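Read through the structures below before going on.
Next come two complexes, and both contain chain A; in the first it sits with chain B, in the second with chain C.
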Partner chain A sequence: MLRSLVSQTFRQGLVHSFFRRNAASLSESVVVQNPVETSEEAGEKSVSNQKNSDESGTTVVVAPPEFRFMYPEFLPDPKMERRNKLKEKLERMDMLQRRSVIEIPEFYTGSIMAVTVADSNSPNKFARFVGICIQRGGSGLRAWFILRNVVDRQGVEILYEMYCPLIQKIEVLRLERRLDESLLYLRDALPEYSTFPFEMEPERRLNNSVVPLNPIKVKLRPRPWLERWERQDLQGVQDLNLPQRFYDRAKEVAKPWEKYDLMLQYRKTIPAEEQEKIYAEVHSQLQQQDLKRKIRRRRGPNSEQ
Partner chain B sequence: MSTIGLLRTIFSHKILTSNVIQTPSLNKSPFIVGFFLNHDQVRTMSRVKRRTTHPPYWHVLKNPQKVDDKISADNLRFVREVIQENYKNKSPLKPSELQIEKSEWDPKTKRSGVIARNIGMQYMWEKDGKKVKCTVLHVLDNHVIRYIPPEEYVKTMIGSKFFKYKKPLGCLVVGAEARNPERFTKQYCNLFASVGLMPKKTLSRFIITPNAALPPCTPITAGHFVVGQAVDISGKTIDYGFQGVVKRWGFKGGPASHGATKFHRRGGTIGTGRDKARVWPGQKMPGHMGSERRFSRGLKIMRINMKYNVIYVKGTVPGATNTIVRIFDTVLPLRKLKEAPPHPTYFPPEDGTQPEEDIWDSSLHVFGSPSISV
Partner chain C sequence: MTTSASRRMLLSNFNPDTRSEVSSSFYQRTRTFKAIMAFSVQNFARIMQFSVPFSRSFHQCQPLNQIQLLTRLRVVDNSPIGKEAMIEGRPPKCIHVYNPTRIGRIGDKVLVAIKGQKKKAVIVGLKQKQSPFIPKFDSNNIVLIEDNGSPIGTRIHVPVPSILRKILKERSVAKKIDFTKLLSICTKFV
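This part shows the complex of A and B:
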């Protein structure tokens, strides 16, 4: 009984991962094709797309499935009692307005980023900070991310609001993911894991289709820590070297049944059908903005003036 | 309840019954009058019951009581058809068809308010980069149901009390959120029969001066207000239910440890000895918290979206998300309107020109404009 269950879940996981990889590669290949063609071609293509949809009678706009990882802040707060369709729509319109002015690139926790902000206290009125994104959250216009770096042997963290108009530029110097969704344990790790030079240059990606996963395992300093990391089921951490009683207690406190709680999952997430609707609404504008930016970049910096 | 309170209830009961005898037509509801004593009590004192959870007895019964009559599918279809025909051709009037007396606005004018829905909070930024937390208010499909002139309104039960020592004012009944008439009683639907509108879910009375009166059927939109003006917003606060003294009044409670037993969230003593050897009136104690009508006054309108009828207001308003609020021109003397707003209300331009869709306050950073450089 147990063995069959285990094998079943394993198979499901395999199928799931395969599907995801496949879906990502398929859809991303479509995205990659876009920048290759010139603007005229792209225009033609979009026109033909529209025609097709008109002929069939139903306009089915489907956004690529990886959009929910690329733009998670377009999904509203899943708390039911605070949701309102009209407000979410208006907020999305404002977000797209802001995105038409500034490029907010695709990034994940673990990516190394540089953010330039208007700062009245700095001598040249702008402040640039480089660091690793250790956490990302918020929905709508209140989306945020935290950058961490070690400057002069002092850990520095800055929380940036993605849609704050003080932000002048957001660059992704190295696009990659880590084994965990939240890297707050870097606060208790050795400083070399979160030290990045400010003169770092953006890395060129050879394979655009897949976001690389960095399987690095971080070594934590000995206790005392800010949190009880042994209880959090972290993947990107080396062996913690704790006495056995810590692991025993962690096992007692753990809630392994939560991953089977369907209602909990339902309340914590936006249903897939709703996600599709939301991304179908925004994806054409997002892609147009992306295309315009790529054309401008190819023409060179002179055209921007 | 203390003896004084008991006396008061008995006393008010007498007044109330006498009132009902004088105006029997007012009481259309089938409820017994004795249950609704609280509507006639003085409620400024904290020791008297503060809130009622039922509508006042002079309101007509709104929702039908459940009946077990089984209706066949054919009959149901017939009922739906009749409803369709009744309301099909009676669309709200156009502004040109309304006979509005042109009157000048002056600082003493009281304009009508607006029924809106609080649909959430949103961040916006000022031009110096300062973050502003705004409440988003969706102005619903407001229509004027009827106007009660001052002479008539003084004679009603509430008007007589309200204008006992004041110069009487008129009253505008405004409804919002049209709904299927099947959901309401015949008495309630009849309130809208003369106007020819679908029955509205929410009704509200706004006290106005006679020069701000509007004819029935007039739509009121978000353009009723101007960007930059201050408004008062009333709503029903979040209902927390029966709460202890720590949450309700912000008491400190007791220590968590150091040998404290059964004294963590308690209020402590409620009286002292000697002359004060009793519980004083107004003593803060556990009880029902929230679900009260409250105002937040003087909130600035930062942005108006005319297309979606949405008003963005700086600050927070009473009540949870997706609850009804009422928006008024402010009464605060220093923030009152100095220039004339759309009076008596806003009408879209007659020549068909589209008004500006999104109107921003001058202090705000518009999302489509370039980033701020300090």
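This part shows the complex of A and C:
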């Protein structure tokens, strides 16, 4: 009963507290270290509670709901024929192991990032690239993201595999979100919207503050485009200035019923109950790694051996 | 005709299974008419498939953006002929790719038609989707070269993929063709 309640509040939490990090969720990180059995009322109180006592008396670990957005690559590919529980679990262990070696920070599409990669071709053996994350995808060890920048008036994009051992360092220079999930339309936008200097300094953020949403509306170049953007219901673009027939046709081919198709949604996503289980599994290790990094940073860079 | 007969006829018009002596010929006629209508509607639909502009059979997938025969390219060095061609708005066309697949990849040599001349060039950036860690550009970039591999221009003003260093070193043949001079005129690698 409690479990169902928790999962319910989990789902509600997704709707209400998008990317909200309250101080409570941080203080819980201490609780993880010593498993304390909390009372039943405490379990009902909030979602951010890490340990709740079940009816049978066993403790249940519940990860904060924002984990779904912070670490989407921990969820497996929802394609039924590709699912394999053992493979997924092994992959998760490998991912955590890789994360213990290098820091893979939290980022979203629209964040500005810098990635340093081992490059045997360049004279100093490393290559650094700065750009805006325009798309993020893949699951497990194959998770990837695309950075885009305009260098010397030439648009450049690089796809990085997050867990590839070639990657030396991933920095988030500006943590923010945009109005759309995928910013591929920046390829057809004016170059100033995807131009970022390589010497950009990382912006300082308060701990556990809300991830800011950048409500910028991008201006696209006139047609021809790479895709039919008018059909994609984009929020982050200015008025497209097309003749009426384009919008009429977009309305004709639109599939507004798909958002009510429960079966389609089920096939395309991992159910919330399963997500909970997965994040509960990785949650404590992720937070321990985070704590260790914080302590190391507070001690200063020279304490690292 | 009595009222009942007329009613029956009307009925027969709507429901062809209720036959009567009076309206049999009428029924026959309506049936043939319906058949003709059905046939013409079918045909019409068949014609419509081709006449309606939305369902015309042009391809609707994303273009591959690959460099093949007659692809327009962008010269990125400062050679006078390349600069002029780009300013004129008549970018060079690829007329041959020197590899077995005939599809240009990074570092491949191509033959281009530029300002009425045939010139050789090296591909230094592709619009096509690339494998991880290899940059993808917004245009298909080339650098014009002489027959011996040395570039015509003296500077390249756009970033160049750093994997080109490895590829061009491998492709150069001692005392025949040397592409590595091209690397020395690059300003930036990504």
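Quick notes on this structure:
The criterion applied here is as follows: the second predicted complex is superposed on the first by the 244 of 305 C-alpha atoms of A that agree within 3 Å, B and C clash if a C-alpha of one lies under 4 Å from a C-alpha of the other, contacts with A are read in each partner's own complex, and residues count from 1 in each chain.
Quick note on the criterion: contacts are C-beta pairs under 8 Å (C-beta built on N, C-alpha and C of every residue); 3 or more make two chains touch, one makes a residue touch a chain.
Just so we're clear, the structure is a prediction, and the values are computed from it rather than from any experiment.
By the touch criterion stated above, A:L190 is placed in contact with neither chain B nor chain C.
When both complexes are overlaid on chain A, the residue A:R98 reaches chain B alone and has no touch with chain C. Once chain A of one complex is fitted onto chain A of the other, the partner contacts of A:E81 are limited to chain B, with no touch recorded for chain C.
By the touch criterion defined above, A:F129 lies against chain C but remains apart from chain B after alignment on the C-alpha atoms of chain A.
Touch criterion met: A:L166 reaches chain B and chain C at once.
In the superposed pair of complexes, A:D119 makes contact with chain B and with chain C alike.
Residue contacts after overlaying the shared chain place A:L141 against chain B, while chain C stays out of touching range.
Contact with chain C, but none with chain B, is seen for A:V151 once the two complexes are overlaid on the shared chain. In the superposition on chain A, contact is made by A:L90 with chain B only, not with chain C. Residues 119-120, 161, 164, 166 of chain A contact both chain B in one complex and chain C in the other.
Touching chain B in their complex are the following residues of chain A: 81-82, 84, 86-87, 90-91, 94-95, 97-98, 100-102, 118-120, 125-126, 140-142, 161, 163-168. Across the interface of their complex, chain A is touched by residues 54, 62, 76, 125, 130-139, 141, 157-159, 162-163, 165-166, 187-190 of chain C.
In the complex of the two chains, the chain A residues touching chain C come out as 117, 119-122, 127, 129, 144, 151-161, 164, 166, 187, 226-227, 249, 252.
The part of chain B that touches chain A in the complex is made up of residues 119-120, 122-125, 129, 131, 136, 138, 305, 308, 310, 320-322, 365-374.
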